[in-house]
Structure formats: C-alpha cells, structure tokens
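You will see two complexes here that share subunit A, one where it goes with subunit B and one where it goes with subunit C.
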Partner chain A sequence: MNRSLSGLLPGRSSQPGKRVLPGFALSLGISLFFISVVLILPVTGLIAHTAGMGWDQYWAVITDERVVASYKVTLWTAALASVINALVGLLLAWVLVRYEFPGKRIMDALVDLPFALPTAVAGITLAALFAQDGWYGQYFDLLGIKVSFTPLGIIVAMSFTSLPFVVRTVQPVLEDQAPEDEEAAVSLGASDWTVFRRILFPAIWPALLTGIGLSFCRSLGEFGAIIFIAGNMPYVSEITSLMIFVRLQEFDHAAASAIASVVLMASLLLLLAINLWQARYLRRLHGR
Partner chain B sequence: MSISIEGITKNFGSFQALKNISLEIPDGQLVGLLGPSGSGKTTLLRIIAGLESADEGRILFHGEDVTRLHVRERRVGFVFQHYALFRHMTVAQNVAFGLDVLPSRERPPAAEIHKRVQMLLEMVQLGHLADRYPAQLSGGQKQRIALARALSMKPQILLLDEPFGALDAKVRKDLRRWLRTLHEEFHFTSVFVTHDQEEALELSDQVAVMSAGKIEQVDTPQKLYAQPSSRFVFDFLGQVNVFRGERSDSTLRQGDAWVRLPDAAGATSLQLYMRSHEVRLQTTPAAHAHLPLRIESVSLVGAEVRLELSPVGWSSEEPWEVGITHAQFNTWQPQRGDQCFAVPQVAHLIEVDAHTPHTLRWEAGEMDDPAAMI
Partner chain C sequence: MQQRRTMRAGDQPLVKWTLIGLAIITTLLMLVIPLVLIFDMAFSAGAGNYWDNLTNQYTRHAIGLTLLVAALTVPINLVFGVFLAWLVTRFEFPGRKALITLIDIPFAVSPVVAGLLYLLLYGSNGWIGSWLMDNEVQLMFAWPGIVMVTVFVTCPFVARELIPLMQQQGREEEEAGVVLGATGWQLFRRITLPNIQWALLYGVVLTNARAVGEFGAVSVVSGNIRGETNTLSLHIELLYQDYNVVGSFAAASLLAGIALITIVVKSFVEWRQARQRAPLAELSDGR
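And then the complex of A and B:
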C-alpha cells in the first residue's frame, strides 16, 4: 500500500531537503543583489573614501570644534523633534484609528505628505511661513519667539519631515488591538487612564519606539527641509548634514565622508539597539 | 443577584438588533441565551454588562436600576469568547489586575493580593502556571485563566460570551462540567451566550431561545425540547422530520403518503413535525400512517444507530432522520436501499402559515399491534 502510493508521486517531490515553496534561490538572490547595490555598496564606498585618511586625520576632522557643535545641535533638535512627533504622532494615529469623522480619509492621506513632498519644497514653505513677516512668524514674533534662523526652526522642519514614521508604525498596531482587552480591563474596574497606561500603551510601545527611532534617524540626516529655515549660523543652528555639504563644496571629499560616516554609525547603532530590544519584548508576547 | 431585563431595544443604524426584549433571570440561575448568529444574543449580553447601551428599556440588578451605570460600577464578571487576556502580563498579573487597579484606599496589601491570586489559580487548577505568559497556554487554559480573572472581584453576576466557542470538543466538554460545578459552588447568577444547542440544553437551568432580535421561548431545557412553542424553536433545537400535506376529513395526504390525525383540526394545509425519537420504523405500514421511506445511510457511531431516510412517492425538503437502538439494528439488519415505513407516535401539528404547534398523540388502540414494530 505504502509503496504503491509513493510510486504514484513524482520522484522529485519526495527528495529529502527539497523545499515545498518554489523560487527560494532566485528570489533570495535578487534580494541580496539589490541590497548590495543599493545599500551596502555606497556604504563601502563611504568607508573607502575615508580610508585614505590616517586615524589622526580622521579623528581631527570629526572632532573639529565646529563639527562637534553641529553634532550637538543636530542631536538635541532631533531628540526634541522626535519627542514632539511621538506625542503628536500617537495622538494622530489614535484619532485616525479610533474615531469616525468627516474628512478622515483626507487626513489619513495628508499624513504621508511629508514623504511625498520634496524636502526642499517643505523647507522653503516652512521658511516662508515662519519668517518674521510670514503667516505664522508674525504671531510668534508678537510673543517674542523667533522660529526662523534658530534651532527652533530646525525642530519644526525635523518634526514636519519625520512625523509619518510614528503615525505609520503605530497605526496598524492600534488597529490590531482587540477592543475586548480594554473592555475586560474596564469590567474589572480600571479607569480610562489605567486602561491606557496598563493595557494599551504596553501593546503599542514597541511600535511607538520603532517610530520614534526611525523619526530620530531621519531627523539626524535631514538636509533639504532644514537648511532653508535654520539660518545655518556656525555653532548655533548649523546641522551635521550641512557640514558634510560644506566640506564637499570645499572639494574635501575625504572629510565629507568622514563626517557622514559618523552620522551613519549613529543611525545604524540606534536602529540595531531598537531592533534587539524589540525582538526581546515581542518574544515574550508571542510566547517563544 | 437577580437580573431583570425590561423592554430592551437596540438599533445599529437601520438594523434593529433587539426588539423590545424582556426577561427575568432569578438569583443563582445559570441561563443560556441560544440563537443563530445575528439573533442579538451577544448584544443583549453586552447590554446587561454595560459594554453596550440600550436605546430603550431598563436593566435591573436585584431590583435596582443599573441602566445608566457604567461597566466599571456594575461589578459583573465578563468572560470573552477569545479570552481577552492581557498578553504582556503573566498569568498571575492577569488575575491580579482587578485588585491591582483598585484605588489605594480599598486595595488589599500586596501579600494578600498574592494570596488571593494563588487561591483563584488553584481553583482553576492552574496554580503552576502563575509565571507564564498567555501565549504559552493552550486555549482551554487561557479560558480558565479568563474565568479566574473574571471571578477575582467576587462578582455576583457572571456573564460569558460564547465561552467555549473557540475550543475543541473534548476541552469544551470538560470546561462545561467544570463551569457547572463552579456555578454551584459560588452561587452567582450566570448568563452565557451560545449557538450550540447541546451546550445550552446541557448547561442551563433555563434557556432563552432568540431569533432576529426577539426571544422566541424561555423554558427549562426539558420543556424546550419536548414542547417547543414555535416553529423556529423546533427547527433550531435539533433534527426534525417534517411531513407536509393537505387534510381532507381526518387524513393528511401528500402523494402516496398519508397520516390519520387523532382529532380533526381546522385548516387544510398542515405540517407534522416529529423529532427522531418520536418516530418508529417498521417494515410494514401501520394502520394510522403510511409513510414509505428508503434508507440512504446508516451511522453506527454513538449510543444509537442513526438512519438517514428519503421519502418514496412523496417529498420533503430535508431528508428524514430516525434513531434505533443497537439491539433493534442487530435483529433487523437494515441495509442502504431497503424500504421501511415511519410510524409517528407523537407529532406536532403546525398550520402552514401559523406559528405555534399543536401536539398530537396517538393512543395505543389507534396504533398497530406492537409485535409488528421493529
């Protein structure tokens, strides 16, 4: 019986170790090739550029006083922008998932605008709006707040360009969150705030953190939207991306690459850390 | 704590989910809400819990109006079909949740919470799983934890929404028995929703059968099965054999088949409903009924042998099903394709356009010599 049955089956499908799903080698090959060309090759190029420098030279370039000042400005503005995005993005995702209202679909589509818009366009628009006589700028001026040509302007531009990261990572998780969990908590006597803090927030926290991390990394590297509004005053409102640009304009490719490698390293390390932490957290939820 | 449901109506947009529902649930009873999907049973349960608000009507707990009371204040235990355990908390943290979120004035000290949780976990026989996460448990274990969590606040009312719906047959049976014991031990009033007739009939003190937003009948399982008050209840509670015919004098006729009725009723278009145990089979027709059938399949699994039969020379929408004992099967040895005759002993007469059945019984004298029976 057994033998006659196996005789009916085509021989190759009973080969041990053969995968059932076809196309593994081909699809993996193409993916790897693409990743190499688009991601890894430029990174190697970057390192190759800096390789011409000695360690001392490299260290001197990346610890130049003006460059270090730009790190500081970039880091703290990006951090603040990410905090703002975390709050606004979470609220936006919440509103988009939990409530029905006219114009919801338009609002949903608008969230992606910063991705679709060329960052330079965003930069010029923001600069015009927040200029001292601009639509928004004149009111800020009345309050004695200067946005244009200050780090505040940098924060505004960073928040604008990286907001979708938080919304788009939190939104699907919030959608998947079963209402029963909240109902169960409420039926056990929990207050609305407790339900948010103890039931909802732990569920969306990994996604939120990823969103914040992506938003932060994007802000670290943002260029187009910022330079128009930042004023680019050395030591005050000069961002690291601009420093790379300045070095390039001085035809100092090696120095530009050296500074770029610092930004790259910072972003990679942060993303890696978030991924590791998240994997650990999710393992617990999925029982592995 | 008794529950009174008074004239509850609920609309979802233009869809009327509940139509003026009234129901009394006495203290300490286990009541099943039974109905097909879309009949409004879950909506009603959620309104009792306060998870949904009614458009009209009142809910009273022990005579006290709780219609406007928030879920938080109603103090009911609620068990969800898909458990709704908090994934990021351990089993113990899940069970402790209700006690943990009490305002600090009322919250027992941590040591006492721990003791209560252990006790609850022992009660559901899962004390050894206190430090596991829900994802590491089986479906049956999850539902028991959900029950322990619902009972942690010592509710006087326990509401269960299809509690065993997502579990496999064996676990279901265990949990049912166990819920019954729990109910007897703790004396809370329970309402549970199910679409499984067997579950409702086995578990409940009373069953409310619902259809299209209305309660069709509320009765004990025994009465519900023996005396359904409407055609819907009849159809919904298990297999039923139908003979539809035209009456002339006291004989109901369709094609080659006929049944002599013990008392002459008014209408001419009639239906006879018979449960599978209310019909006997024999190899020759009886004096009061001539219902020729052909055996289509024989199923030997279970306490009795079930025969599926198709009408010969007349028609019915659904095939007939009759159960015989294994002893009868052994002497008769029916085969697929054999012909036999159905002999109704009790039947329920429904006029074609009417709703309520009228039960008929044939006296022993009207029936044939019992020796002819199989």
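And then the complex of A and C:
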C-alpha cells in the first residue's frame, strides 16, 4: 500500500467518518431505496401472505403427496446434473487453462452460451434434439433410452443451463496454480493421476465445490428450459417450480405461496452457505 | 512466448490430445449443435416462411414489447448497479458485506418464485395491488408488471461485473482527483468511467440478454395475452404449444442471435481488459 495516496490526505480514507470521496449519502440512499423496494418488500409480502395461513393448512399444503414428489424429483435431478457439470466443467476448465489448440478462444467464449441463451430457447432446442426422431433422440431411441418426458430430460436441461458455473469458478484457480510443485513431482516420477490427486485437487477443490453449489442452486430454480422437455407428469417429472405455477393457475394463491416459501427458504439458505464457504476459503487463500 | 520446457501434469501428447479431443466433442455436442439446430429449424420451411413468421402481427408485437422491457430495465439497473458498486467499493461502513450478499438474491431465487413475489404484492389481492386497484392502476397482467419482475431478476448483473473490478482498482486515483479539486461528476466522468467502461458494457449486455429472454418470472405476471402482454420468450412457448414449431424457432433465432452477440461482446471485453492489465504486469515484474 505504499503507492497509496491516502497517506498524503488529511484523513485516511479507510477511517469511517472521514470519507474523502464524495457521494456516500447519495449512493447509500439510492442503493437502500432500490434494494428495499425491489428485493425486500416483495419477500416480506410473501412472508406476510403465508403467515396468514395458519400452521395446519400450511403444513398440509407443503407436505401434499404430489408436492413432496416434486421436491424429490427436483433435488435428485439437480444433484445428478451438478455431478455431471463438475466432471464436464473440470475437463473444460483444464483444457482451456493448460493447452493451446486451434479454436480455443471460440470454445472459451461458447462456454458462456447457456447463460446468454434465454431459457425458453434452450428448452425448445433441447426438446427438439431429444425428441424421438430428433438429432440425438433417434440414437437414444435405438438404445431404448427415453430422454424426453422423463427425469432424464430434466437432468439434460439442468446440466445445460448451469454448465458454465464450474468452468468459471475453477478456471481462475487453475490459472493461478504455480508450476513448481507440479514440475518437482513430475521430475521425481509421479504419474499424472498422482499429481492431480496430491497437488492439483487440494488446490482447486474449494473452487470446485463453490461451482457445484452454484450449479445446484441454479438447477433447483430452473424452470423455462425444463418444462419443454420434461413432459411434466405429476409424481414422475414435475419439478417444484412448475408445482407453484400449477397452483397459481388453479387460482390457489395460498398454496402457491406456501410452496414458494419453502423454495425461497431453501435457496436463501443455500446462497448463504455458498457465500460463507467462499468467504472462508478466500480468507485462507489470502492469509497464507 | 517463452515457455518453460519442464513437464507438468497432463503434458504428455497422448493425455493432452485425448483431453482436448474430449473437450471439443463435449463442446460440439452440448453447445454448438444445439445452436445450429435453432437456425436449422427456423429456416426449415424456407427463408420466405422465416420472414413471414417474424413479420406477422403477433410476433411483431412481441418483439416491440420485448424491446420496451429491455429499454426500461437496462437503464434502471445500470444506474442502480453503478451507485451500488461505488458505495461498496469506495466506502467502508457497517453492513457492507450484507449488502453485497443481498444483491445476489435474484440469482438464487427461482424465476417462478420471483414472479409470484410480485404477483402477491401488486396483484389485485395484494397489499399494494388492492389499493392500486381502487385507483384503477393495473400493474400485474400488464406490461408494467413484466418490467418490474425483469428489473428484479436482472438487478445483480451490472453491480456484479463492477464490484470486483472497482475493488481491485482501488480508490487512489479518485482520491487524487479530490485533492486536485474535482467534483463528484468530474471524478466519475474522467477517472472512474474510463477505468470501468468495458466491464460496464459487459454488465449492460448481460442485463439486456437476460431482460429480453426472461421467461419464468414473466410468465407468472404476464397473463400471456396474445398481442398484448406476450414477450418474445412467451411467444415462443405459445407457438410451440400451438404446434407451430417452425414459427417458434424463428422467434427463438432472434433471441439466439442476441445471445451470440452477448458472448462476442464478452470475449471482446475480456481481451480489452487483458490488454489494459498487460503493461501494468510488466511494470510490476520489472520492479
């Protein structure tokens, strides 16, 4: 920090109450106003709505058989999709960081496609690809595997929409990995697998886990890409987001908000866990 | 390019090319072929049919509404994102970290839940909605509701692009500006903006991509009234359910085009930022 100009200033900028830069009150006011109106007010609206329901009714709605089936489908498909994304993401991140080959820049750019492509577009595209006579579906059909209208279709849609998370969290950590340990290990005769297991994996797993967590969180909430391919059969391939939607179309706002409150709590807890986890491992990373 | 010739893990040609091959096959299967399919399907009934699909009355209306939503959402979130990033990177205050976490909520919340939150509050049974109803203002099942939920789901993008960058750049340059007597606007215009312009551009492009493509949240609050509250994403669903698959892919090709522009802009921004950083890295190496 010896380059810092703040030492030359009358008050150190890091001390609260002696802020050097202008705009604190204005930016605080705008940010708080926006966050209150856009984020916090609607969330409290949901809490108030469900609080008015009474515990018995609330419990009956959120433990309804069909709703519980939707939790199960959503959870296990999201978990499997995250595992697939961990493997694919690790492969792509590794290849993009470690090797030079023609088309690398294009591959790097394309990884972001699932974030940029609207989910409805992803949905109809995957549905067409995996339809029985589709480009992919016909081969799966030969093998006797049905992807469309089954939970497998849900996994495909979830893996597609959350593909970039693991790549983008692992990539920077792999880039920062100093070569010395690895070179020493290789020159002492360690196999690639040993180097990966003993040196690389311990360095990247916190980032990998963050990526998997983000991917899981996104998959739990995914809606647009899934409904086109899943077939949405109750008890079999109906996800919780759709369950909320179905209750809304039945004009049962109370039930919809009860289920939504479960989803909201789950995703906020997951978000908090990922944030705490990230803060912890960032501290460890910089504290060494 | 001076490269060390010492071996690292995975440097043997066999391992290296196997992994590259696998990555290329994965990219083709998961990303390239789906993209090709969109345009293949859109043009499968000929270019004339494609043009008719895009220029019919309902599609034109959906395009118009989608542009309107983006035109309102992007500036709102641009202003908010810049102020929030300025706040959390230029000042220390209690609750700063909590604020950074709060802004991630829209990323974690399912879009259907996001739509529902707004429907409950501003719909005809809601606290605010019933009052608005008495005053004959309808937000839900109308375009203002679509804009409101889109602002919700896209509000983190600009801030999330700016915060890490502004954190890393530090506040020394702006502080020097203050010493030299610059006003707040001059600081932003002359120092901050040139430093963050590319990240800001990418944030705007991402916000725009999500705003034109949002589906789950919008479908809860729109009411899907053809020719009135149908955005492009909703229009795609409607056509698809009408078994007009070619028409729905024609509409989808427009959104896919915007997605492609988005990733091109991202690559360009990263390339600019790498170039901006490169001379600095050389300097610090030479110390």
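Here are some notes:
Here is the rule we go by: the second predicted complex is superposed on the first by the 225 of 288 C-alpha atoms of A that agree within 3 Å, B and C clash if a C-alpha of one lies under 4 Å from a C-alpha of the other, contacts with A are read in each partner's own complex, and residues count from 1 in each chain.
Simple rule for what comes next: contacts are C-beta pairs under 8 Å (C-beta built on N, C-alpha and C of every residue); 3 or more make two chains touch, one makes a residue touch a chain.
As the structure is a prediction and not an experimental result, all values here were calculated from the model.
In the superposed model, A:Ser36 lies in contact with neither subunit B nor subunit C. Looking at the shared chain after the overlay, A:Pro202 reaches subunit B, while subunit C stays out of its contact range. Touch criterion met: A:Leu117 reaches subunit C, while subunit B stays clear of it.
Once the two complexes are laid over each other on the shared chain, residue contacts for A:Arg284 go to subunit B alone; subunit C is not touched.
Counting the residues of subunit A that each partner touches, subunit B and subunit C differ, and the larger count belongs to C.
Of the two partner chains placed around the shared chain by superposition, neither subunit B nor subunit C is touched by A:Gln132.
Once the two complexes are overlaid on the shared chain, A:Thr63 sits clear of subunit B and of subunit C alike. Contacts of A:Ser187 after superposition: both subunit B and subunit C are touched. Touching of subunit A by both subunit B and subunit C, each in its own complex, is seen for residues 183, 185-187, 199.
Looking at the complex, you find that subunit B touches subunit A at residues 49, 51, 71-72, 74-78, 80, 82, 84, 86-88, 97-98, 101-102, 133-136, 146, 149-150, 152-153. Interface of subunit A with subunit C (complex): residues 3-6, 8-9, 13-14, 16, 19-24, 26-28, 30-31, 34-35, 38-43, 45-46, 48-49, 88, 91-92, 94-96, 98-99, 101, 103, 105, 107-122, 124-126, 128-129, 135, 159-160, 163, 179, 182-183, 185-187, 192, 195-196, 199-200, 217-218, 220-224, 228, 240-242, 244-245, 248, 253, 256-257, 260, 263-264, 267-268, 270-272, 275. Interface residues of subunit A, counted against subunit B in their complex, comprise 178, 180-181, 183-191, 194, 198-199, 202-203, 284-288. The part of subunit C that touches subunit A in the complex is made up of residues 4, 6-12, 15-16, 19-20, 22-24, 26-27, 30-35, 37-38, 41, 79-80, 83-84, 86-87, 90-93, 99, 101-113, 116-121, 123, 125-127, 151-152, 155, 170-172, 174-176, 178-179, 183-184, 187, 206, 209, 212-216, 219-220, 232-234, 236-237, 240, 245, 248-249, 252, 255-256, 258-260, 262-264, 266-267.
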